[in-house]
Every structure is written in structure tokens, then in C-alpha cells.
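Before I ask anything, let me first share the structure, which is written out below as C-alpha cells.
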Amino acid sequence: MTHATARTPEKPAPAAAVPSLDVRDAAVNLGGVKALDGVSLTVESGRLYGLAGPNGSGKSTLLAAISRLLDLTSGSILVGGEDIMRRSPFQVARMGLARTFQTVRLMPQFSVLENAMLGADQSVYGSSFLRQWLMPWWTRSREARVRARAEAALERLHLMDLRDQPPLSLSYGVQRKVEIARALTAEPRLLLLDEPTAGMNRTERDEIGELLLRLRNEGVTQVLVEHDLKMMVDICDHLYVLDSGHLIASGRPTECIREPKVVEAYLGRGRRAAA
Amino acid sequence: MSSWYFSHLTLIQGMLISIPLALSVQIALRSGVFSFASIGFYGVGAYGTGILTMRGWPVLPAMLLMIVASGVVAYLMSAPLIRLRGLYLGMVTFAFDLILTVVATNGGELTGGALGLLGVPLGMGTGGLLAAALVAIVLVSQLERRSVGRALVGIKASEELVMSVGVDLKSRKRTVFAISAALGALSGSLYVSTFSTVSPTSAGFTLIITTLTMAVIGGTSSWIGAVIGTVIITWLPTMAATIGEYQHLVYGVVLVLVVMYAPEGVLGALRWLWRRLAPKVRMARPSGGAALAATGPPGGPPPDRGAEAEAEPVPADRVKG
Amino acid sequence: MTQQMINGAVLCAVYVLFSLGLTLSWGALDVLNLAHGALMMFSAFTAYVVTQHLDLPLALLFVIGVGTAGVCTLLLDVIVFRHIRAKVADKRQSELLTLIAGVGAAGIPVTLAVAYTHDSPFGIGHLDWSSYSLGGGAQISTIQIVIIALGAVLCTALALWVSRTRTGRALRAVAFDGETAELMGVNTRALSAVTMLIAGSLAGLAGMLLVIYLGALTPGSGEPFMLKGFAIIILGSVGSVWGTAIGAVVLAATETVVISQTSGTWVDAISFAIILLVILLRPQGVVGKGLAERV
């Protein structure tokens, strides 16, 4: 492909100030329902964490709280040792946190490439109106830099051929990939993935799994929420299991999913009694 | 040509004056800020400039002062306003426009009561109007490009998304609010120093209808839409002589029809046409079609999942933003 | 003093009738109908046009006026608002388009009235009402009694309708979550039609009472009423019937005091001041909770 030449060489992950995540006694009440109830967990840098649990167990709520889109009722969250409870979502994003959403959020009026570029816009040149008006040469050079980063991300997801397509013309699985590409364009140090492979077929899932492993080896800390337990067991370093807003298990994936509490949460009480 | 120009001078001037106003609404709606406030600031600009120039101020400084003051006031006002949800913001800014009519009517000698200001010194030639309209177009169109443009469209599409990619949502919304107000004030200032008069009704409810029609009929997705809309609305009455006093009725009907059947306006229709024609153009280039085929047929598993998802926001939508 | 209380009560009753319609459609259907004020004026205007040609009894004029506003609002919902709600999935976008369509729709009755009356005041007569002395120089006329009574009765009736009847419960269910309500068998289309018909009729009633009480309205009379409606809704929180009543009392009382103390030209500014104060202090409204929250 001709686009391949535009790809920038992979930057090594910055060694200093790598953030880890520390959730302390987090609780969220949504209209009287305890979506999260006293959850504490830590995420060490450079590793791939899985967050499992049945529907409604609080996984997405926890991701929303970490990205500050949702306020904790009590408790605190630290990123890289810094309390983020008084930070805005955009400030947390600028600390190097990127995320994908459970429901795809792509702009229908933008091309795939532009959607991906959105991920790096702020860290590379922000959205200052004055600069936009007064320094066209400066914004032009930044635009090129953002484009290069977006193209590199699209390349990793094999989406370069689709760069000019409007996202709504693509299948749901491909849209999810664009969603991941946007997060990668931000070159995050901490990446939150909310069901990145929903709607994908087995091959595509394996592809994403391999990608996440490569990212892990590059030093990107990841928290993965996924329905596909097999994928989680295959690739995660560590698994946390939530049920009804509580943390019910934590440990190495293979051991973790055999714990009685986890089996019960997934298969129900009756099933376990029968077993 | 020149006789045509002189016989239509008022219309041409009116059109140039309306462009910044239409842009002021367009930029707000494009960025997901449901605000009619710029139409109120049109009144502020018109009255302010009129009052100042009638007291001996030169036109340009008076205009500049009103534009800057409107922008600053709007920025300060926006702090509590942008916290409001869509309908509330629409309501409050609508109320703001209506209250300014009350203020103008009851302003006594300063605002000339119900008659308004008469005999404001003229200070704008058509050249000046053209320059002002062009400046407004350049400034607004620049905000549709690159990072800034993507962030603003993003605000409208999903606030959670733009926050999660690091856009300072509040600051962006407040700045858009201020720019919109400044554009409104610019338009009002131009009006009063071109036509030498302003009255409470000329900045009232009918102006809201006219301006919204201009912005919406052209399409709010781009500055081009606002300009197209302004041109159409300026020249529409001349095409149908019978419209006359029923002008605003026609605007009202047009506005409702556009909102119902072509919410993207003329621009949207043009884009739609382009999309129909584009594949034929793309046939010439082999790569485009092949790329689509390579990823399998579009709309595989749950095709309407995206739409469903948009309609049902994550709880966070209600808690924040 | 007694006289001012009577004047205030009349004002309050008209405000309640006007605002209930506005708050009902917003609370239940997320429709902020910016044509509400214009249609209030239009009801009186239609009655005025009829009186120009026919000599009808007052009761029939009321039917015509109230019916006009009710049917126009219903048509607006059936033809325009419903179309937008069905077509636009994104809720924010659909709210915005509804708002804009309302502004456009408001232009139609206002322009008609301006063209017909040459933008001058119009009335429908019926100004002679017997007055009763209340002592201390205070008087109350029959029409004042009628207005106050209608305000109180209809407000109570509406509150009971929303809280006690099956339809009212369905309405609150729709306000809380339209889609789920529909799945549970609520006929949302019929319900929204009924709501809009009631909302419009209330505006029409307010317009008819006002034109008789004041003697005349102008084509632009609806706009300051929108301001007042906004202030009342935001005081009482959206969708709440009793909140609306309390908001109307507060606004009417404040206005009556201001009118008695000053020349009264700034009275419309009070509404705006209230709106600003509430937004600065308590964006979610002052009194009670809306339709949805009480389910």
C-alpha cells in the first residue's frame, strides 16, 4: 500500500511516570441501586488486566468511573499515584488514559481516518480557536502529525483500505475496530477497553487478542472488559471478577474462573448445586 | 449590471448584514449548543452601537466595543448556562431574547421606547459590510477544520466521547457561546449603522424566526449552509411579490417543513446528491470498491445496534455533563 | 390591599392555565412547544374574527377559541412533532428540531393576526360584568370570580387526573421512559394526542379569559406569556402540576407587588429575573418533582 510509507516508526513507551491504577473502596449509587459497592483493586503498569462478570455486575460502571464520566458516591481512584477524583474527564484523558465504549461512538459525518484522528487531536495540538485563526502553518504541521499517528493505528488494525469510508457503511465488527484505532491513536499509557470484540467473528477476535498482547508487550497498561471469557483467560495476566457491584474474585485467570463464587455468578446457584 | 446593483442595494446590504447573524446561530447549533442568545446580542449590538454613535462616537470603535463587550458578557453568562440540559438552555436563551425586547421598549430616552432609535449616524458602506461578512465567514469556517472542527462536531455527537479524548468540553462550549454572541452583536451593529434605525420589534420574535430559518434551511453542518440560507431568505420575498406582509408566515411554514423533511437543509440535500453520484465517480478508481468488498458485506451482526445504543445512554450521561 | 390580592389571584389563575399546558407537554413528551404563547393569542384572535362576522353567544365563542388552540396544538403534534420524534433517533437532536419547529409554527398564527389587525389590539367585547363590593373599596367582578374558580378547579382536576387515573399513570410512565411504556401496552400516540389537546386547550382558555378580562390582546401578546410560563415552570420544576400552581402564585404575587409599587413597565422583567435566579441557585427547579421522578 502506498499509505504504508506515511507510517511513523513505533515510539517506545515512555519509561518514566508509567501510571498504575488504584481503585480504593469505590461505590456508585445509581438511583438507589448499588452499581458498585466497595470495590478495591490495583492495576500494575505494563500488564493486561481482565474485568469479568455477568451482565449488570458493574464492569462498565467501573470503567466510567475510572474515566471520570461518572462520579463515585464514595471511595477514590488513583492514576499513577495521583487522586483523580477532582479531575475532569478531559484532564484524566490528558494524563494518558484512553478508552473505547461499549456502544460504538463514531461520528457518522467523519471518515474512518478522521474518527481515528480524534483520538490524538488533543494531545498533539488541542483545540485552541486562536491558534486555529492565527497560526494556520502550525496547525497544518500538527494535522500531519495527527494523521500519521491515526494511520499507524489504522494500519495495526488492518483498516487502511477503509480510511476514507464513512463508518456507518461498515459492519459492526469493523466499526468496533475503528473505535479501538481511535483509542490507539491517543498512544495511551492506560487503555480501557469495554467489550472491544462484541459483534466480531472468531478470526477477528483472535486478531484483536493478538493486538492487545502486542500492546502489552509495548508497555501499554490495559483493562479489558469482555464477554468472551475464553479470550480473557487466553490473554490476560490477571483477572478481576465482579458480581452485583462486588469484587468476588481476583487472581490468575485460569484459577480465578474456577472459583466457586465465580461459577455461581455466571451459571447460577442451581447449576452449582447440581454439579 | 450597475443599475441592477443600485436597485437591489438594500437587499444586498441586508444579506451581508444577515450573514454574521446566520453564522452565529449555525456555529452554536453545529457545536451542540442549543442557544438562541446571539439573536438577543444582535439587539444589544444594534442598540449599543446606535446609542454610542448618536452620542458622538465614531462608528468603528463603537462597533468594536459592542462586539467585544457582547463576547465578554456572553462568556461570563455562559458559566451557569452551559450546565443546563438542551431544552432548558433553549428556553433560557429564548427568554433572554424576549426580555431584551422588554428592556428596549422600556428603556426610556436611552432606547427610544417602542419607536426605537431613529437617525443613527450612517457609517457603513457596502464595502464595509462585505468585509465584515467575509471576516465572519473566514473566522467561522476556520473553526470547522482540523482538530478544532472535529472537537466541535464531536460535542454535538457525544459529549462523553469528546471528554474521553481530552476535549475541555466546558471551555469549548463557553467559547462557542461567546463567539456566537459576538457575531450577533456584529450583525446588529452593522444593521444600525447601515439603516440608521432599530426598534424593539426588529430584534424581537420575528428575528428569531427569520434567523433560524436562514441557518436551518441552508443546513447547520457548515458555514456554507448559513450563507446559502441567508441568500435564499434574502431573495425569496423578491421572487414572490405576493409574500409581502405574510413573509414571516412563509418563513414559519418553510422552517417547519425543512425541520421535518430535510433537517440537514440544502447542504444536506447537496451532500446526499453527491453521495449518489460519488460511487459513479469512484468506479473509475478500482481501489475504493474493492476495499469494501474485502471486509465483507456491510451491516453484519445486529445492524441496528448502533442506533439502539445511541438512544439508550450509559447512566453516566445523566450524572455528568 | 384586598383589591390587589384579587387582581393577583386573577393573574395567578390565568398563569396557571397557560403554564400547565406548557409544562405538561414538556414533562410528558419532552416537547417544549415554543408556539404555545402564539396559540394562546390565536384563540382570542379567532374568536375576534368570528365576532366580526357573526353575533354568537359568549359560550360558543369560548368553544371556538379553546377549540382552535387545542386542535392547532394537536395538529402540530400529530403532523410535526410526532414526525420528528419518529424520524430522529438521537434525543438531543429531536429536542432541538422540535424547538425550532415550534418557533416556525409560532410564526404562522402571529403573522396572520398581524396581517388581519395591522398589528393593533383586538377584543371580543363582553366587558360588562357585575361587580360585588367586598368592603374597603375593593370590588370583585363576575369574570374575576370565574377566572379564579376555573384556575383552581382545572388545576386540581389536572393534578387528580395525573395522579389518580389510569391515563394519568400511563402519562407518568411515558414521561419516565417512553419506549418501555409502549412495550407495556401504553398507547403512546393516543396519549400524546390527548396531552397536546389538553395543553393547547388550556392555552386557548387562558387566551379567551385574558381577552375578556383585559378587553384586548395584541398579536404579540403571546411572547411575554412565554417568558412567564418559563419562569413558572422553572420555579415549579418541569411536569409538576402543583409545582406549576406554586410557581404561578409566586410570580403573580411578585408582579402584583411590583405593579402596585412602580409604574409597572418593568413587570415582564420579573419573570426573567426569576429564571436567572433559579438557574444560578438551583437548576433542577424549586418546588416538588416532575412527572417522571414521581413514578
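Think of it as A, B and C in the order they're written, each chain with its own count starting at 1.
Simple rule for what comes next: a residue touches a chain if its C-beta (ideal position, glycine included) is under 8 Å from a C-beta of that chain, and two chains touch if they have at least 3 such contacts.
Chain-to-protein mapping (UniProt): A = ABC transporter ATP-binding protein; B, C = Branched-chain amino acid ABC transporter permease.
Every value quoted in this text rests on a predicted model; they were computed, and no experiment measured them.
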{"item": "Graph class of chain-chain contacts, one of line, ring, star, complete, other", "value": "line"}
{"item": "Most centrally placed chain - per-chain CA mean versus overall CA mean", "value": "B"}
{"item": "Whole-Å gap separating chain B and chain C, where each centre is the average of the chain's CA atoms", "value": "29"}
{"item": "Chain centre separation (chain A, chain B; CA means) in Å", "value": "37"}
{"item": "Rounded Å distance between chain A and chain C, as computed from the means of their C-alpha atoms", "value": "49"}
{"item": "Multi-chain contact residues (two or more partners), chain B", "value": "310"}
{"item": "In the complex, chain B residues that touch chain C", "value": "29, 32, 34, 80-81, 83-84, 86-88, 90-92, 94-96, 98-99, 101-103, 105-106, 156, 201, 204-206, 208-209, 212-213, 216, 245-249, 251-256, 259-260, 263, 307, 310-311"}
{"item": "Touching residues on chain A, where the partner in the complex is chain B", "value": "30, 35, 60-61, 64, 67-71, 88-90, 93-94, 98-99, 101-105, 107-110, 114, 117-119, 121-129, 132-133, 136, 139, 142-143, 146, 161-162, 164-165, 168-175, 182, 186, 199"}
{"item": "In the complex, chain B residues that touch chain A", "value": "139, 142-143, 145-148, 150-154, 157-158, 160-170, 172, 175, 179, 221, 287-288, 290-292, 294-303, 305-306, 309-310, 314-316, 319-321"}
{"item": "Chain B contact footprint on chain C (complex, rising order)", "value": "26, 30, 32, 34, 80, 83-84, 87-93, 95-97, 99-101, 103-108, 110-112, 114-115, 179, 220, 223-224, 226-227, 230-231, 234, 265-266, 268-269, 271-272, 275, 279-280, 283"}
